[in-house]
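Below are two complexes that have subunit A in common, paired first with subunit B and then with subunit C.
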Partner chain A sequence: MPARNQKQWMADPNLQRGEWVDSRIYSDPEIFEEELEKIFKKTWIPVCHESELSEPYDFRTTTIAREPVIVARGPDNTVRAFLNVCPHRGMMIERRPAGSFLEGQPSGNPKRMTCMFHAWQFDMKGNCVYISREKEGYQDRLCKENTGLRRLRCEVAMGGFVWVCLDDKPECSLEEWAGKPFDCIRESIDAEPLEVFHYHKAIINTNYKLWHDTNSEFYHDFMHYHNRVTGFNDEYFARKNIGFEHGHVNVTSFEVNYDEYEGFESREELSFPKFPPNQWFMIDLFPGMNFNLRGSALRCDIMTPLGPNKVMIEFRGLGVKADTPEERQTRIEHHNSIWGPFGRNLHEDLIGVTGQGATMNDGSEPRRILHGRHEDNYIHDEVGLRHYYDEWGKWMDRLPSDPMQKYTAPAVAAE
Partner chain B sequence: MSWKRVCSASEVAEKSLKQFDVEGVPVLIANLGDEFRAYPPLCPHMEERLEESGICEAGVLTCSKHLWQWDMRTGEMRGEAEKPLLLYEVKQDNGDVLVNIEKELEYEYDEETDDDDDSFWD
Partner chain C sequence: MSANGNGAVEAVKDTIYRSCLLLDEEKWSDWLDLCDDGFQYSIKAWSPEINYDMTYFSADHKHLSTMTEQLPKHNTDHSPLKRHSTVYTVDVDKDGKTATAITSLVVYQNMLDGETSHLDSGENHLFLVGKYMDKLKIENGQAKFLEREVRLETRRLDKGSHWPI
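The block that comes next holds the complex of A and B.
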């Protein structure tokens, strides 16, 4: 194929609509802002795992679509979520990333969230319990009963993850939203309480959807040197991508022969409860979370989009809370050798997506990003990406292949 | 229980507070200069440890968090306080401070109301 001039380069590819997207969906600031409003403020987002706030009065703070969020475990053991914003003057109430309210802070008291600005205080249920010099300033015009926190929908589910939705009236319940794609590993991750043993985060220059793409297609195993030279076999190619309602995807399991990997040993000796050894299931949730149960360790990536070309990815590794120290150490080694910051694959994925980010700037000539591989839904089929972008188009009411146009169903069905 | 030795009088400096454990019961001892007083250790307002937050001046104890104040001798309310301090009986004997603990004194704090029902989101 000869090189192409600009007109040829900009022409639609010889594929059906729905089999490619326009790179402006990754780089346009207006589209990015709209994604925060129309998708991230409307859908269920896992913000952490319940083991990260294991005791009453433990809390974690985070953001969803730039809105500051605090999740806290109450004395009744229920985890609740609130906007981390003081109803008085809009200050961020808690500024630590995580901690406990059991001990009072220098400006504050035990068992209370305190806004240090004017000492307003709230309990773990979001009730306002103290307004400094309330009667003197507000007489009876405004009182604690009118100034509780903004509570957010929050559920602990699917292996103990803490899910928050900024919308009081989400399109559907969490179970309806994410239940079916989790069915493949649910028995294993809900059998016993789990615990986070690994956390790291990376802020990288790419669009969040591009990271999700690498989690949703295995064709890029050509980049993963070790996978390519040791992993490609009949079982590898026999895996399928399965699409679910709401843009979610499963990649079905196969038995990984770890002893064929250079420097690796079989992982038969340790698995997850009710999970056959060396199996590996993957769940990609719209709009950008990945759950990956690989034999002995569960990995979860949660993406927080920070800009069109900037995303924070939080990586967590989980084991079983009741692990012996030896079991835990084995899980950690299994997890980190693949997915740790110095693991086998992770850095290569980062090279891929930052390379894409580097070519897609605001104002760049739109590029056609191809998702047109059809292999009967087997592992190198790009059906997972087509499925995802069709969902994206519906939420955004934009056509992924021409985002300045309104959404219409693709010529080929996304599945 | 009954009269228990808490500490020697020299362990608590004048115009200061110090918390002790008396067989599992936490007791806050105040040295007023000429006399001692014994209170439960937490502020009746928001469970603050008065040993850390309390300021003793001119016979008045002030919790520095929300400026509740009490007469140190009687526990009576001053300033912003909305609840009095509770006191244990106290005496000195041979350089020791003793308190009379019949049972542990504790304040009642507001219970959090239960708002967990789905109609909340309507």
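The block that comes next holds the complex of A and C.
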């Protein structure tokens, strides 16, 4: 077809509903706010890995849907999560990204979370254990027994990730939520304790779902020289996308030919425990996390949506805690070669999604974003995206292809 | 310091500053000519978030040269990186044959693509902050890199970071 006029350009594509989405789901501020309320405050979010708080009294801070969250390991070794908000007058209790409460702070004692403002102190279970001049100010009206922190649902699971849900009554348990899609790598990541060796972040102007889309489709191999030379063969095209309940997707494995890329080596000798050599499994979790086990290293992307057109992606790389220094170094090199900030692929992915973000601003014309490739669920089929957006539609009660309409099931089953 | 020592210090500074100019101009193989065959390069950063001394990239001379040769096959953000560096210290070893140097480094991204090049081209963004921790050998009054560790403070890296720093 030659280039199209406005009417042709805006017409629905010759695809079934469910095979495209409307770009307003990536740019509309009202939809974005609703996503935080209806999805991010209701679902299980992995916030960090337990190795980031390996000792009692270690903590890590984060945010979910703009709410500040603190995760701390108690003297009983249990990891707990709380809102990082002081019940007195709402100051953020801990401001550092990570650290230990073993040492005292200028306003407080060792082994306590202390709000520096008026020195209220809390133990690792979130109990308020000290209110400065309690009796003098509150007499018998308010006491520390009634001013504990807000505790949050928190679990350590799936390879030692720390999962938090802001909702006290989540739709289902973490196991019911994420267990099945993790089955493909669970034996390997739960065989022995893991450790995070890589962390960096990117904050880019694009919608969080566009990053998730890129993690969920392999058609963009055409953008990655590395993937084309190490991947494209019959076995590669035999990889399948498998949809799971709750909008999650797996991409099944194949054997990567790393030696096809000049300067790269096979990862045969250092697989994850119980993981066959040079295999590569991928888990895309609704609403925006990705776990990627490529032979010797595990990568995890956690997305924090910051606005309709702004997202922070935190990138982690993990190895086995018991690694020798040499093994660790090898895993790090494998991880970095493609996924590191100075590696071959990550940068191309960031350019791709930023380019999408740049064409989808609030007020841009609503465009059709096509998710209509069918290849029997094989690697370049866009079924993973269709599966995700059907779930998104249900949570939001909006139709992804026309988000101002209420959700109805797509003409083509999401598979 | 002896005149000899001074000469060595100048040679070290000269090599470091020349390397910055060559890297700015993306003349990778000319840069590698300033490096010994046994050259080891790494980019590292301490992460308080995960309490870990991270290696973001590491390569030897051969790996760097294959990698830089393959760059044109990869997609790229076209905004060049421009370095500002100041050699803080040069310590020449007793025998005068090797030296270590610490260079303060700031890298700006000179936007060409940006997000929308119509708006962004021509603008500069602070891209990263760090130090070069170099080890050099000195021969016939010339200094060559034996090792370079780029020690980053920056742990937020958006698009544009696939080149040697």
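Just so we're on the same page, the second predicted complex is superposed on the first by the 413 of 415 C-alpha atoms of A that agree within 3 Å, B and C clash if a C-alpha of one lies under 4 Å from a C-alpha of the other, contacts with A are read in each partner's own complex, and residues count from 1 in each chain.
The criterion applied here is as follows: a contact is a pair of C-beta atoms (placed from the backbone, for glycine too) under 8 Å apart; a residue touches a chain by one contact, two chains touch by 3 or more.
The structure presented is a predicted model; accordingly, all values stated were derived computationally and were not measured.
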Partner chain in contact with A:Lys201 - subunit B first, subunit C second, else both or neither: second
Comparing the two partners subunit B and subunit C, which touches a greater set of residues in subunit A: C
Touching partner for A:Lys169 - first (subunit B), second (subunit C), both, neither: first
Partner chain(s) touched by A:Pro56 [first = subunit B, second = subunit C, both, neither]: neither
Which of subunit B and subunit C A:Met223 touches, first, second, both or neither: second
Contacts of A:Lys111 with subunit B and subunit C, given as first, second, both or neither: first
Partner chain in contact with A:Arg151 - subunit B first, subunit C second, else both or neither: first
Subunit B versus subunit C as contact partner of A:Gly74, first or second or both or neither: first
Subunit B versus subunit C as contact partner of A:Met124, first or second or both or neither: first
Of subunit A, residues touching subunit B in the complex: 74-75, 78, 104, 108-112, 119, 121, 123-125, 127, 129-130, 132, 151, 153, 168-169
Subunit C-facing residues of subunit A, complex: 49, 51-52, 60, 96-99, 196-205, 223, 225-226, 262-263, 316, 329, 332-333, 336, 340-344, 347-348, 350-351, 354, 357-358
Partner subunit A, residues of subunit C touching it in the complex: 43, 45, 47-52, 54-58, 62-63, 66-67, 70, 73-77, 113, 115-116, 155-165
Residue ranges of subunit B in contact with subunit A within the complex: 45-49, 53, 65-66, 110, 112-116, 120-121
